[in-house]
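Note that chain A is present in both complexes that follow, paired respectively with chain B and with chain C.
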Partner chain A sequence: MNRNEIIEAIKLIVKPYTEDVAALESINESTDFIKDLKINSANLVDVVLDVEEKFSIEIDNESMAKMLTVEATIAIIEEKMNSNAGK
Partner chain B sequence: MLGNDIVDLKLAKTQSNWQRSGFLNKIFTKQEQFYIRSSENPDRLVWLLWSMKEAAYKIHNRITGVRNFAPTSLECSIRQEDLKKGAVCIDAETYYTESDINDDYVHTVASCLKNHCVNVKTAIYKAPNLLADYKNTSAACVSHHGRYLALVY
Partner chain C sequence: MTNSQIIEKLPYGKSFLFVDELLQVDQNGAKGTFTFGKDLTFFESHFKDNPVTPAVILTETMAQIGLVCLGIFLLKDALTKNDMGFVMTSNVIDFLKPVYPGEQVWVSSEKIYFRFNKLSCKVKMENANGDLVCKGTISGMLISKHNG
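On to the complex of A and B.
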């Protein structure tokens, strides 16, 4: 999965948690879930759980702490998928 | 320094499903999950502890300049016989909280100082009667969720 495909997957995941259609349409690596998409912080947990399910990865607390932007989320997904592939 | 957080319980019911598998583990420590499980009203406990963490985080974030999403690093302590007063510890810091809990919302005020909350003025507005120009009222902290707007001074 390349970065654009990952962004598309993230876009689908966050869709139910944002009401900001314009910000969702223009989602890119620098998009901030809370500042730009106005996602409620409790729903950020849902985003983390949905990413875990979609990519079959486990996101530890240390990684979750950084998961505020699309860019950080891509980095975590790639890192966890690579370490899964090595198993 | 002050922080506050309001949870509209009606909106929280539809916006979040805390019974979803994995949800509590990502947000709450083992001790906090024990508080929730042993409560007669687990739904209320979930949102009380959440608003305590959010209110404390708002102060901690301003002091340290660190922005992150690490809810389990904020450890709440409450006394089950009086849920209103509590404390939230993160790293070496302790923030003292006072919460207003009713059927409509949970509102928590956090302060760096113990017993400071008694001197805090709180204003809660409910839609459609929200205060439009609240940004000019020099509130120490603002929280908005669902039908409610909460300001502390």
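On to the complex of A and C.
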């Protein structure tokens, strides 16, 4: 899965948690879930759980704390998927 | 931690405590009971000459027994720090039957997940006849009280 495909997957995941249609449509690597998409910290947990399910990865507390932007989320998804592939 | 120790740790004052007894709690859920005494102040006004327990109070009762008691059990030592609190972050509830002054209800919860300090549970409330009063999903989060 390339970066654009991951962004598309993230866009589908965050859709139920944001009211900001314009920000969702223009989602890109610099999009901040809290500042740009106005997702609260409780729903951010659901976003992370949905990312785990979609990409078959497990996200620890330390990684969760970093997952505030699309860019950081892609980095964590790629890191976890690569370490899964190495097993 | 005993069930009565969990109730002692609840952060509510007397007029907003909706847990009489915690009957059972384990990793997967909690069960408890509360009686809506006829002297509770909201019955004077909800409604005029027709006292019925407000739906928000039923929701609060389900959250206190089903989520907060379970949350205290799951967190154990983490919650002993006084600067931490537990807040309701979302709920979806269906209400099926009214609860009148003096009625006792039983609440039970079933954990859906507890991850990253967020607890999400399926909850239900039943009356003395065993009829379902309300049911749904409630989520809450452990937060620092000084965090905005």
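Here is the rule we use: the second predicted complex is superposed on the first by the 87 of 87 C-alpha atoms of A that agree within 3 Å, B and C clash if a C-alpha of one lies under 4 Å from a C-alpha of the other, contacts with A are read in each partner's own complex, and residues count from 1 in each chain.
We take it that a residue touches a chain if its C-beta (ideal position, glycine included) is under 8 Å from a C-beta of that chain, and two chains touch if they have at least 3 such contacts.
All figures in this text were calculated on a predicted structure; none of them were measured in a lab.
A.B. asks: Who does A:70 touch here: chain B (first), chain C (second), both, or neither?
C.D. replies: A:70 contacts neither chain B nor chain C.
A.B. asks: Quick one: classify A:27 as touching chain B (first), chain C (second), both or neither.
C.D. replies: In the superposition, A:27 contacts neither chain B nor chain C.
A.B. asks: Quick one: chain B or chain C, who's touching more of chain A?
C.D. replies: B
A.B. asks: Who does A:40 touch here: chain B (first), chain C (second), both, or neither?
C.D. replies: After superposing on A, A:40 lies in contact with both chain B and chain C.
A.B. asks: Enumerate the residues of chain A that count as touching chain B in its complex and touching chain C in the other.
C.D. replies: 40-43, 45-46, 48-49, 61, 64
A.B. asks: Using the touch definition from the top, list the residues of chain B that touch chain A in their complex.
C.D. replies: 12, 15-16, 20-23, 26-27, 50, 54, 67-73, 145
A.B. asks: In the complex, go through chain A and note every residue touching chain B.
C.D. replies: Touch residues, chain A against chain B: 40-46, 48-49, 52, 61, 64-68.
A.B. asks: Report the residues of chain A in contact with chain C in the complex, numbered from low to high.
C.D. replies: 40-43, 45-46, 48-49, 61, 64
A.B. asks: What residues of chain C sit close enough to touch chain A in their complex?
C.D. replies: Those residues of chain C that touch chain A are 89-90, 113, 115-118, 139, 141, 143.
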